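Presented below are the structures under discussion, each in the form of structure tokens.
First chain A sits with chain B, and in the next complex the same chain sits with chain C.
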Partner chain A sequence: MKTLLVAVLALVVLGLIAIAPIVLVPVAKTSAQQLVASDFTQDGGKSEYLVRLADCAPCHTAEGRKPFAGGLAIPSPFGTIWSTNITPDRETGIGSYTLDDFRAVLYDGLRKDGAHLYPAMPYENYRKISENDVRALYHYFMNKVEPVSSPVRQTQLSFPFNQRWGIRAWNWFALNEARFKPRYNDLVLDRGAYIVETLGHCGACHSPRKFFLAQDGTDATAQGFLTGGEIDGWPVPSLRGPASAATKWSAEELRAFLATGRNNHSGVTGEMTPVVQDSLQYLTGKDLDAIVAYLRHISYAAEQPPARIDDRSKRTIALLNSADPSMDLGPRLYLDNCNGCHFTNGKGARGVFPELDGNPIVVARQSGGLIDVILKGARMPSTESRPMRLAMPAFGQRLSDKEIADLATFLRQSWSNNAGPVDKTAVAVRRQKLASH
Partner chain B sequence: MPLEQYQPQFFTADEWAFILAATARLIPSKGDGPGAIEARVPVFIDLQLADDFGKGADWYMQGPHDPNAPPQLGYQSPLRPAEAYRAGIAKLNDWCRAKHGGPFVELSPEEQNDILTALEKHEIALASTPAANFFDLLLQSNKEGYFADPMYGGNYKMAAWVHIDFPGARASFREWVGVDKPYPLGPVSITGERA
Partner chain C sequence: MATTAKKKDVVIVGLGWTGAIVGMELCEEGLEVLALERGDDRDTIPDFRYPNIADELKYGVRYAAMQKPRNSTLTIRRTIEETALPYRSLGSFLPGDGVGGAGVCWSGNSFRPMAEELRLRSYVVENFGQGIIPEGMTIQDWGVTYSELEPYFDRFEKVAGIAGKAGNINGKIVEDGNPFEAPRSGEYPMPPLPQTVDALMFAKAARSIGHHPYPLPSANASQTYTNPYGMQRGPCNFCGFCDRFGCFNYSKSSPQTCILDALKRKPNFEYRANSEVLRVELSPDRKTATGVTYLTAEGEEIIQPADLVILAAYQLHNVHLMLLSSIGKSYDPVSGEGVTGKNYAYQMTGGTSLFFKGIDFNPFVGAGSNGTVIDDFAINRIDFGAQGFIGGSYICAGTTNGQPIRSMRLPKGTHSWGGQWKQAIKEWYGHSMSIGSHGSNMSYSDSYMDLDPTYTDRYGRPLLRMTFNWKPNDIRMTQFMKNQIEPIAKSMNPDIMDSDYKSDGAMYDVRPYQTTHNVGGAIMGTDPNTSALNRYLQSWDVHNVFVMGANAFPQNIQYNPTGTVGALAYWSVAAIRKHYLPRPRPLI
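What follows is the complex of A and B.
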């Protein structure tokens, strides 16, 4: 018995000794990856543009607080992560950060005090930002942002996720090389790749998460990169697959969607809405073109001819057009609630009402996005060129869980759509979740 | 809930009895389609009078009130709709007691029809309430309660809409433009009720 105790104790001690360096030895910060002239500075306009591209504001600004003063609650599978104050206030913000400290945040997810940030901060992607741009971002936050003295709530996840040293081990596993390498020998494609893979951190949502929730690659050489993910039960569409927007839409349509949140097929909804409103609408035409060219270049399928109306679509349209009182509840609910805008062909109206036929939110494996939109409605972003915040009303009051389940199932299995049914308990779960937000 | 169990929000018991009787004369239960009672028009009127409509909340209610003004100048009584109903019912019952020996509700349907007809033709004068105004108000409320969305208490189970083949609050019939046959689907209400 005693021997056993000693053996266990010895194992624990050995374990602690093994972990000790991870916990105790300071992490080396990644240094600058390119040489930059020592007197390098960015003019104000350029640095603000880069902050837009990196889309810092939506996460680091909470409603009712000053820009970049943090305090936004970001839900994660492990608990709520509170975004930090990144104004140059010395006490509560990043005013005391040197350029090296700042770069370590972007490249290594390291706070000035050496603590690891949770990877809600997309340093997996930001670590490939060029030194010029790191300096420009630093210049902007130090000189162009008003310091705001505003403490934010400390993130307190439950054990074991509150052991931030564990992230160090995760970083060894998850992080790729801290340098962006142009691969295409083409200025436009390489610019597009740089924006999408680094500042734009598109992969943070649009790439699947593999073991331990690391992004499945951080550039287009990885098979899984940008092939779709999931946030909070919502599908995040693939940007490369055969049914993806980059494949199905023309360059012009893809560009319109990015710049205005709408085009002839779709309207943006969910977490992508603030990305359009706060970031993408400010991009130069050249950068938009570069993103579009890159996304089309890395897509896995060649451009497809316009989808023909198949027999299934014809059957759906004929059923809805008949207004036959004996039809099932799903199509009946479509006529009663949806047909006014989305029409019996499920095609909506160009630039105004999104298509439901082939819509990735409708046909995704995860039905949370579709259910949420029916329950609480949706609203497009307002942009300089398309200011109208077109909205879909909420149907949560009007339809029961069973009715929404039947309607969602109809939407997922009509026209050319062919996805699994939705159960009423799934609707009840989403309704509960929305009520508790 | 059956209509008998309905607890009026605005009307007293006597007033409620009058409204049940009067609406039943204006849209009788006999004949084609539902009557005012089946469509629960009295509930609609009661709820409206208990709410902003009864208070004339968004009406211009300051004078002058000129009973001879042309109709396009709008409502000309100093009484708010709830007050007009209250006074109108009381005065008409007084008149019925004086001329027929009992309140409106105790008279025969034929007598009630005659009284309402006379009221419409300005042949009955009700002190302090312009009689024609009261009849107009009552008839208007009946039409509204009969055909309004069921969420306001009347048009119970969309019976009036079913009766006239009105398809309700369904936003689009684009695919039916130019189709030469009757639209087959029953109505839907604003809250999503189907019939």
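What follows is the complex of A and C.
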């Protein structure tokens, strides 16, 4: 008994000794990764462009608040994280941050007071931003943004996630080397990789999360990088592999989707909408081309796309065209509610109404995106060359949970689609969730 | 007590087709532009969403998308001896309401006028002599020619994305188009819609007796389309809810589908819905406007100063605002003096219904501007001297909808209720079609608009008064069309055939729907003594007021007016940009 007590005590002491440095030893900030002249400045619109590329605004601007004044609620599996005020206000913003403090936020997820940020801030990706760009971003936030004195709600997660020192251990595990290394010996591909892997932080959503929710790699050398994720029950499509947009779409279509939120196959929806609206539509043609070239380069395009299941497609089209009143509820609901825009071939209308046949939101393992779109509709963002905010109406008022489940199941199993059925309880859960938002 | 708002460069009254066009073009100049729209703000989703919009009772019968007479109406009389009475129930014409205006609920027929129609008086005098113009007919030339307007027709058709088939490209006649049309600089932006069976039957019959059928130029998209502003449309699915409805499918051209989202992106553009303009404010010398006064939804009176005032409301309201603001001298039908209110005109229509026991027309498959047209009896095809009238029509067949309340066409003499009515519905629903004549209407010295001496609106302003009646010239025209249509109809061998055309002695009746093609009242022309606006739609008297819309037509064309209204707006705003803004002044 005594021996056991001693053993337990010893273990506790050892544990505390192990944790102590995590809690007590000051964290070292990652220093600048490139030598840059001390009087380096960058502007002429360049710094604003970089802020667009890094897409800071959507998370750091809540509805009804000034730009970058924070206060947006970001749901996480552990509770709500509130985005911070990053205007140069000295009290409530980042006005007192030095360049080194600012870099530590981007590279190490460290606040000026030494506290760790939750990785909702994508420092896993931002830590590879070049020193030139770090300085430009710093210049922008310090000099081009209007200071807004506006405290935001403190993020208060429940135990153990409120112990921010735990993030330090997570950082040891999750963080890759700071500094972006060009690896293609090709200016276009390396530029594309730099945007996607660092400023664009595409991996934050498009890469799967492995152990402890770290991104599965932060550059294209990792097999899992950009192979799809999940947000709030929505699928985040894979950008690599035979079924991915980067493989199936032409360069021109990929570019159109990024710049305008729509192309001949699809329209942007869900969390990607603000990315197009606030960031991608402002990109230069050169940068868009670089992103597209890079995504196509890493897409494993050598693999052949799966053969179209032509007979199944024909069967679906024949069933719908028959307009037979005795058909099942799913296809009948499709004719009554969807067919006017998406047509019996499920192809929609080029550039205007998205394809349902092969649509990643429709056929993903996670059905939350599909159900949400049927329940509450969707709206494309307004962009410079495609200003129209094309929308699909909500069907939540019109269709019951059972009807939506049958319709969604029909969509997932028609034409060349071959995904699992949707259950009415899944619809009820999504409906409840939308109502509580 | 009115508050004075911050001055704008431009204030636009009304945000329909012309307000949106002018807003877009003047924002390009970097001007601060404010549009005031008295109705509600509206967008495709949620306001026209499926299935709510496909409600025939609400929109087709009870006119949910139209102006409410209790908020805004006019008085109407047929002769100057009568006392005008308020138009308390909508019937004959249906002014649209809210952002997008009537551009939301139109059917989508989008024509260009014939070159001859724009210089009608000269055409008649040159070809048939002054003597054939009846006493009291006040037709005029427009002051702008077709060839001057051609680039602006082209522009409007590209923005609105019109589907059709050209018949005359730069003087070369093209098969399957309208060979009698004025030369176009190019093909329509979209190919024509597929045609319904009635349109195909009419085309065949017309062609076999030597006429020249062509597809009705349509604002219903035949395919996906992106216009010069980057605005997009989806293909029409022939749902049959066009005329009187907003389009849920992004298929019908409207300010919403063609302009507004692009305009709303402009940082120098602002619009305020539920803001009703009461009058245009003039400077003490009355040579310029200083802005407008409007009421907010809360009833607050706001003075909105502006350097340029664009009247872009519906024809009736533009004329009303000009009369209320004393822009131009009010027209007097006795002396013939004055210009504001002069030459109100309408549209002369008629039709023949054909019933076929053995043909299923599937009328639920329809589009607002689906159909086949012939122009063989149009204005430049008729010997006015020989026929004894001035005017013409286009003749058309096609299914626009199969809505059960409005589209239960039944043979004449059928009971309108009870068992026999039900029996007839059972027998004839889906078994009929019609061939329609859509014709010109000339202007006359005693068809005009002024301020009503008796009735006032809810703000105490005198109502607009319309004085209008049908005239023998136009009745002869429509009877002529009856004589052309009936042989075509007969050749199609219907079981029953009924004609409905106005005949001698017909008086204007405001109850049945005819068309919302009210024109004139603030007409364009070459002489300040006979027109309210110069050829650029600029007020002759108040040079910083430009007036868009069908009020500028000196008499009505034989076609639906929207295409011409759109082209005139582009023509006018081009002159504003090129000639007026550099040096504001009377342009002529």
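Simple rule for what comes next: the second predicted complex is superposed on the first by the 418 of 437 C-alpha atoms of A that agree within 3 Å, B and C clash if a C-alpha of one lies under 4 Å from a C-alpha of the other, contacts with A are read in each partner's own complex, and residues count from 1 in each chain.
The criterion applied here is as follows: a contact is a pair of C-beta atoms (placed from the backbone, for glycine too) under 8 Å apart; a residue touches a chain by one contact, two chains touch by 3 or more.
Every value quoted in this text rests on a predicted model; they were computed, and no experiment measured them.
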Superposition on chain A - do chain B and chain C clash or fit: clash
First, second, both or neither for A:186, with chain B first and chain C second: neither
Partner chain(s) touched by A:131 [first = chain B, second = chain C, both, neither]: neither
First (chain B), second (chain C), both or neither touched by A:423: neither
Contacts of A:398 with chain B and chain C, given as first, second, both or neither: both
Touching partner for A:271 - first (chain B), second (chain C), both, neither: neither
Touched chain A residues, chain B compared with chain C: C
Which superposed partner A:48 touches (first chain B, second chain C, both, neither): neither
Which of chain B and chain C A:341 touches, first, second, both or neither: both
Contacts of A:332 with chain B and chain C, given as first, second, both or neither: first
Overlap of the chain B and chain C footprints on chain A, listed as residue numbers: 337, 339-341, 398
Chain B-facing residues of chain A, complex: 320-325, 332, 335-337, 339-341, 343-344, 397-399, 403
Residues of chain B touching chain A in the complex: 170-172, 174-176, 183-186, 188, 191-192, 194
In the complex with chain C, residue positions of chain A that touch it: 337, 339-341, 349-353, 377, 379, 382, 384-394, 398
Residues of chain C defined as touching chain A within the complex: 43-46, 49-51, 223-224, 226, 229-235, 237, 239, 248-250, 257, 261-262, 264-265
